[in-house]
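First chain A sits with chain B, and in the next complex the same chain sits with chain C.
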Partner chain A sequence: MSLAGEAVVAPAPEAAAPARPRAGVPRANPLLVLIVTGMVVALGSLGFVSVAPNRIVSGKPLALWAAVEPGVAALVAALVVALGASALIRSGVWRDRLIAVLAGALLVASLAAAAHAAGLVAAASGPVARTSLGAAFWIVAAGAAFALADAVGRLAPHPLAQSAIAAAVVGALLALAASGALADLSLAREFANRRAAYGAEMLRHLALVGGALAAALPIGTGLGLLALRRPAWRKPLFAVLNLIQTIPSIAIFGLLIGPLSALSGAFPGLRAFGVGGIGAAPAVIALTLYGLLPVARGAFTGLASVPPAVIDAARGMGLDERQILRRVSIPLALPILVAALRVVVVQLTGLAVVAALIGAGGLGVFIFQGLGQTATDLILLGALSAIALALVFDLVLRSLGALLATGERP
Partner chain B sequence: MSAPDIASDRPPAGALARLAARPAVWASLAFVAALALLPYSAPLFHALFPELPRPLYTRASFLDLALSHAGLVGLASLVVVSLGIAIGIFVTRPAGRDFAGPVDTLTAVGQTFPPTAVLALAVPAIGYGGAPTVIALIVYGLLPVVSATIAGLGAVPAAPVQAADGIGLSPAGRLVKVELPLAAPVILSGIRTSVILNIGTATIGSTVGALTLGSPIIEGLSGSNPAYVLQGALLVGLFAVATDLWFDELERALH
Partner chain C sequence: MIVLDRLTKRYGPTVAVDQLSLTVPTGSICALVGASGCGKSTTLRLINRLIEPDGGRVLIEGTDAASLPPVALRRRIGYVIQSIGLFPHWSIARNISTVPELLGWTPARIAARVDELLDLVGLDPALYRHRRPHQLSGGQQQRVGVARALAADPDLLLMDEPFGALDPVTRDGLQGALIDIQARTGKTVVIVTHDIDEAIRLASRIAVLDGGRLIQQGTPRELLAHPANSFVEAFVGGPRRGLRLLQVTPVGERTDYTVDHGDAREPIAADAMLDAALAQMVAGGIDRLPVLDRAAGRRGTLSLADVVTS
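Up next is the complex of A and B:
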């Protein structure tokens, strides 16, 4: 069903896209010129990797050509130059295709070059020496990732196509990691030292978000319905939910510790269920409270967007209120509901990072441990993982929303 | 005859009553009162937490913490508002149209990043202290302001723009006199999102070495001192709520 729907929809943007550059004045891509200039300046003046004698000492920056063999440096430099040159091509579609391929290649090549540098350092100075990714690497990698995302955004506006391309790039990077080529990078060593803990904290993170969703979705939807049916309650209800969102997460986490430890003190039986001052219980409760506003707002806007005539027609056909909600309103409101779900999941994924501060675990553990030990690569491991998780949720739910939208059309 | 008298008599009383009816005023008073009274609240916290030898946070004065917190957020917000609106204006002008798509992508993707992760990433880049906190607040706070400015300017109806062109306003005059005033409510809501978010992120800033109202919370959590947590949470909660309610007032004044 949805596949057929997609086949109908897909040609339209492709057919429309080439017409645009021809209609307007063909121009260079000024942003890409800016990005590539930044890459060149960074490669010329900043360290591509940073080499330290051990984990805690801060490293010395090493420029690209000093860090790797000339052939590897030349490959990275050639890709940067080619990316810059492609900005001058005047045909929009071919330019974007070339940019996407070159930027993807540059992303993978710069990581491989950094790993190669780490291998050389490990061979020369022994296994205690640490090679971290340097400022120039991050600028080149971020620039390439952005050029790729921008080109793909214009070539394939459909979230499903974007997911497929993102999966291909991530797959290439994971294949690089799985091959063991990255093993000498400090980031990979931090991961290898904590492989078991990483899996456990990732699961904890997902459990915190999942637990909060399991509570926030039914309660928030109920509040949204309440706002829909009792207009007088609408304003105070949303004012209170908004007020909760206003309070900084760490303050709510902290404020829940007192009442919950008092509760588990008064009813020791609750401890068997994990209710206590510190740990998962206050984190899930706080995350639930935060999730209520977007869920309730999504449910309210979604259901309010259903045309009254449709509901009248359903009523005329003899459906009762519950049937109308299940069979008419919710299916029609689904795109808005999925969009709200995306907002909630992404927000909770980010807030769950803070939960590590009250002993609830999750990916924040690595961030705050890293901050405490001034272990830069441990901070990176936690922060990049949290960002990647939020991006994956965002893309998956965006794709789901797009699938639902195309499924509706026929 | 007596009408002017009544009119001149009433406003002060009316204004005071209206002021007193505003939740923003109450929240601000509560924040100031908490700030003023907390230093003298040691007996209260002794009674609440008898097992703690030192139940009142004294490493820095609450006033210093609040001033530092407000200073970090205020400095970041100043940059965010001026730079964010400038970027939003630039990409909606003919000269910057090429940048509109990429900037849109960047703000959309950037807003999915967890703020705490952005804050943590500032440390490897810059080091510990107040500076990485302000940089992270600026980077993250820009996103909602830029996207709100683009959305607000994009939603300005065509009729007033054409009318402005019709009466011979220059593009700059049209922007200042027609487009920005019409887009102001949307831009303001973006600024509100940015500032409130940054008050929260600055609280976490104490884990990277910034002095904020989060410092007692973080120290209380790591040292098992729930009294510190309560003091910090109370102050930062009131600060955020009062700020948010003032934005409410500002939005109402704009309409």
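Up next is the complex of A and C:
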């Protein structure tokens, strides 16, 4: 193990040293040099995983070379060194391809190494011991993801190609998870313990977002059209919608408890539909309120971006108002409308986490349970799931927007 | 025939169009001219009811435009604007077929019509049919704009400064194309322009507007020869009015057919305008030109003195 340790620590001066004399050469990628330096420092000084005797006790950090077999540590180290070296190659397509491949491999390898460490801990200390992802892992993984995104951004400027590459990376990580290789990680154990609840809460989360969208899209679009057709209403309308955005989400949930309890108290029949001070109804209402501004603003901006001459020509040729909207304005505004939809969906996916506080369920349940039990990995399970969900929505809608924009506009 | 009968449009205290009456005979090109803000564009948009009048009426072939649904009315009237307003997300063919499609023509009839119109405006259908508007130059786009306006074969064409945003060479080409198209199709055209030269070249009748009122109307020659007041005189050219008068006076009118010098030079046609004759004299350093009147089969002579004095 000490051998592997040297292999990791040793590259630090080597990786940094060649960079310095060449610092003045503009071809080196200074961002990547910075990222790799950070990785090396993190691997040398911080725990790659954190090991605890049981779920509740906080763990002790374990460095990479102490946590895994020498071969695995050497692999991760070699990838870090290679990534650092590639920062010094002449810039060009091949360098970016190399960086993308190395960063992608490092991302997968570091996760596999952490899982491997968890397997060793489980074998040595029994099934109660917990292995969590450590600070060095997060720094290496985040750095690799960043280097990958940076290289891909330069290699494939088209959003569709970027989405495809992102999907491939996500697919590789999912395949790793599905193979059972990650099963000994504390995060995976938390998931395994709540497998049934996880599916239900995920669906619940989607239902909250979907319900809010179903209300916010038509209402917000209507408000956007109103702002477009009645300039006098524009300012007050957006002032109110902006005001709603500034109210903290917990405050809105709190504010809704009073009137909704009163409502369900006065009309007990409403309870059958889930209307009450707590639960899904106030959550969906609050999420809808938050969704209104981006939807209305997107609809207004999109439709206002259609050249007035085109509308004038359409009207002058004898298209009626509905035909102008359907055949001209909406198709021309579509890229902006889809972009607005993307913002709303991602925003609501994140906000819906808080809905768990008022008993509406969703992925936030795991976060608040984890906070209550001081179980960091349970918190992570909820948070990472919500982030992943938002990223998937972002990716899908970004690709859709790119598809719609292709060839549609000059 | 289009009759504007005491048309009035007010915006608050401002009177944009003031009791304007005007008759445009079928098959003629009528130019509405005046400085910006004189109400000429408003008048045009009152005809296809993009703006509703506060008073007066518009009669199209005897029918009150107000009695027709605006959408149906506009589908019967071609409309061309300065900023062209092609639909950027549609191909050229689809742009042109907008109104026929709304009218429910069969796809085969629409396709044939699109090709016919592209030919008419001087664009090769095979080359341009499937292009997008942004792939065309400004002049080509406006040719498509004219084709689109003519798609459903309307009897009336309204044009709001259609060539105002084009460079002089392109504008000249499109003016020629419009004269040609109008001669072939016999459309009634109402064109708004602030360019008096464009009006003189295109229009058989010119209406001069100022402050929403009709100041004078007549043929280009009437306006140039007898401006009703100093405003019209200034508008039609001020000191250069005489030169413009040459543009609208045919050579035949000033030719002495009793004299034939047997000049060896190529004769000028009797239906050419005096400005062309004068240009030839200046360029050749001569003071007389042989004239050939093909229609009447006679020859004569145009002298510099005859160009100047009527």
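Throughout what follows, the second predicted complex is superposed on the first by the 380 of 410 C-alpha atoms of A that agree within 3 Å, B and C clash if a C-alpha of one lies under 4 Å from a C-alpha of the other, contacts with A are read in each partner's own complex, and residues count from 1 in each chain.
One rule holds for everything that comes next: contacts are C-beta pairs under 8 Å (C-beta built on N, C-alpha and C of every residue); 3 or more make two chains touch, one makes a residue touch a chain.
Worth saying up front: this structure is predicted, and the values here are computed from it rather than measured.
Within the superposed three-chain model, A:F146 lies in touch with chain B and out of touch with chain C [touch as defined at top].
Ranked by how many residues of chain A each touches, chain B and chain C are led by B. Once chain A of one complex is fitted onto chain A of the other, the partner contacts of A:A309 are limited to chain C, with no touch recorded for chain B. By the document's definition of touching, of the two partners only chain C reaches A:P331; chain B does not. Judged by the touch definition given at the top, the superposed model places A:E69 against neither chain B nor chain C. Residues common to the contacts of chain A with chain B and with chain C across the two structures: none.
Contact residues on chain A toward chain C in their complex (touch as defined above): 307, 309-320, 323, 327-328, 331-332, 407-410.
Interface residues of chain C facing chain A in the complex, by the touch rule stated above, are 48, 50, 71-76, 79, 81, 83-89, 98-99, 102, 132-134, 145, 148-149, 158.
Within the complex, the chain B residues that touch chain A are 98-99, 101-102, 105-106, 109, 112-118, 120-121, 123-125, 128, 196, 199-200, 203-204, 207-208, 214, 217-218, 220-221, 226, 229-230, 232-233, 236-237, 240-241, 244.
On the chain A side of its complex with chain B, the touching residues are 27, 29-31, 135, 146, 149-150, 153-154, 242-243, 245-252, 254-255, 257-258, 261, 277, 346, 349-351, 353-354, 357-358, 364, 367-368, 370-371, 374, 376, 379-380, 382-384, 386-387, 390-391, 394.
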